[in-house]
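Each of the next two complexes has chain A plus one other chain: chain B in the first, chain C in the second.
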Partner chain A sequence: MKKHIYNTTILNGYTMKRELMDILCCPMCKSDLSLDVTDENEEEIVTGTLYCAKCDEHYPIEDGIPNLLPPDMRD
Partner chain B sequence: MAKLCFAGFPKMKEIYYNTSAGEYDSARTGKVRVHSQVYEPAADTYLLMETALKEVSSTDTVIEIGTGCGIIARELAKTAETVVAADINPYAVRCARANGVANVVRADLFSGIRGRYSLIVFNPPYIPIQESEKHDEWIECAWDGGPSGADVINRFLEQAKEHMTVNGRILLLISTITGVERVMERIGGLGMKAEEIASSRVPYERLTVLRSKAP
Partner chain C sequence: MDKKKTKKVVKEAYGKIAQGQEGCGCGTCGPDTKEFAKSVGYSEEELKAVPDEANLALSCGNPTALASLKEGEVVLDLGSGAGFDCFLAATKVGLNGKIIGVDMTPEMVEKARDNAKKNGVENVEFRLGEIENLPMEDNSVDVVISNCVINLSADKPMVFQEVYRVLKPGGRIAISDIAILKELPKKIQESIEAYVGCVGGAMLIDEYKKIVEASGLKDVKVTVKGTSACIDPNTKDPIGRAILDGLGKNESLGRYVVSIYVEGHK
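Here is the complex of A and B:
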């Protein structure tokens, strides 16, 4: 499995999806999130995780959709 | 909440629409697929879409909160520079993606979203719903405005103010069920000014689109 680590603050919107990552932050503390991609195609990130180091919380990206709901609101 | 079961879009309905409420124009028609747990476009959707399409320009950076099936975001993306669509409903965000909206985020209003936008669009839940009237279905997010009917609108307005560019506008759909005056007062209380820019009478209510700006 291909795996890359990016910091969202250094992404400059090369594709729509990268651009989207740029406007996301932790829903609880508004800190920057780091992006861990597990699957991507030429256009966008399909599956991955956004991580807030301050809250030690992960936010999943599934089917190209980042889920920024706090854990207690997800289900 | 109901367990998520979305594989293969089991309960999808196809909706044909026209972006103009007036004369038929084949260039202005479209089709969206709407899941049974997502609000099906109705008079409120079409009024806001038509108004937003008149308002949007090619330099606009747009965010639509509560995008539902994504019909408005998709149409705005044909004109605007960028469009981001957000919804709290897991079925809605998948629907919006399936309907061709590129930038979709699952979020509660603006939480988890940063940046300022020149055009903010929201068709809010506005029906007063008591705790005993809830059924624990995701689609209820589309109409459940809390006990007052304006609970979500009020939370939205406070957050939206922090996400507007200097000359940014908010287009907010309001019904007489919630009370237009009440919402306009709230907007005024937040230091913005609001004006009615479109309205339409439908059974049991009058729908209005309010445009809010910094004074």
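Here is the complex of A and C:
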């Protein structure tokens, strides 16, 4: 069983939705990501980070868009 | 060009296209994006169902039609651009289904997100990511679609390895892309513009099929849909120009380049 550190509230939204965390993973090692929300509204997670413990890598969520580009392609 | 440089060049070029600063070789047949979409296989009804802003005329087929999407399916669009095929797919899988668009160009993902917001599309999510390093779990997707994108990848075998990994057992692909019938003139092979214009990076049809099969996908079928490449001989667009200038005398692009549909399943 997967362990989720986020709550399971299902929110309707347009971009970064909590329900889709289920099929999200680290682009590099494919491990589960943990979600840390800084700011969210009724629709979506606006700002936050997705963290891969195995790679020790933070993937930012900005303006509702999760940036899951490999770290060397982020800029 | 090494792989990393190719990625950066493509990312930058499509960032500009998203912002309307430049066109792409794929859509140089005419200025009317709607007519262009019809010419590659979208129906009038389909075009009405999606926001105009999402159609940037960067297609070479209609993978959502080929995929025969069913209610409730999870669909992944590789290189989702402004979201055109995602929105179309969203109408087909319904609210119990999900569409995930992955694109490496921030400007495209922002545009797609704005289009989703403006039009109240709820079952579509866009994320910034690479199609060679998909941020998706194993066995999580029913259908992978893609439209005129994989030719731009600097590592095509890796794209299909990733596609195989994320597909559920029995999951399928419905991909529209560009392929070549014979080796391109050297000048075109070496042109960055021709690469960005979906020509320089295109593979031979047999090579394409081999790469898809090598990923593990079964019953792979590559069908030639026609010659989608017609460039106005008087074009001033740098991409179109580079392609035309690279062709030999009395040669036409149609003798090299075709649009294809690629099918297969896990």
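Worth pointing out:
One rule holds for everything that comes next: the second predicted complex is superposed on the first by the 60 of 75 C-alpha atoms of A that agree within 3 Å, B and C clash if a C-alpha of one lies under 4 Å from a C-alpha of the other, contacts with A are read in each partner's own complex, and residues count from 1 in each chain.
The definition used in the following text is that contacts are C-beta pairs under 8 Å (C-beta built on N, C-alpha and C of every residue); 3 or more make two chains touch, one makes a residue touch a chain.
Everything numeric in this text was worked out from a predicted model, so none of it was measured.
Within chain A, the residues touched by chain B in the first complex and by chain C in the second are 16-17, 20, 22-28, 30, 59, 63-70, 73. Those residues of chain C that touch chain A in the complex are listed here as 4, 7-8, 11, 74, 98, 100, 104, 106, 109-110, 113, 116-117, 121-122, 124-130, 133-138, 140-141, 165.
Those residues of chain B that touch chain A in the shared complex are 1, 4, 82, 84, 88, 90, 93-94, 97, 102-108, 111-115. Chain A makes touch with chain C in their complex at residues 12-17, 20, 22-28, 30, 59, 63-70, 72-73.
Interface of chain A with chain B (complex): residues 16-17, 19-20, 22-28, 30, 59, 63-70, 73, 75.
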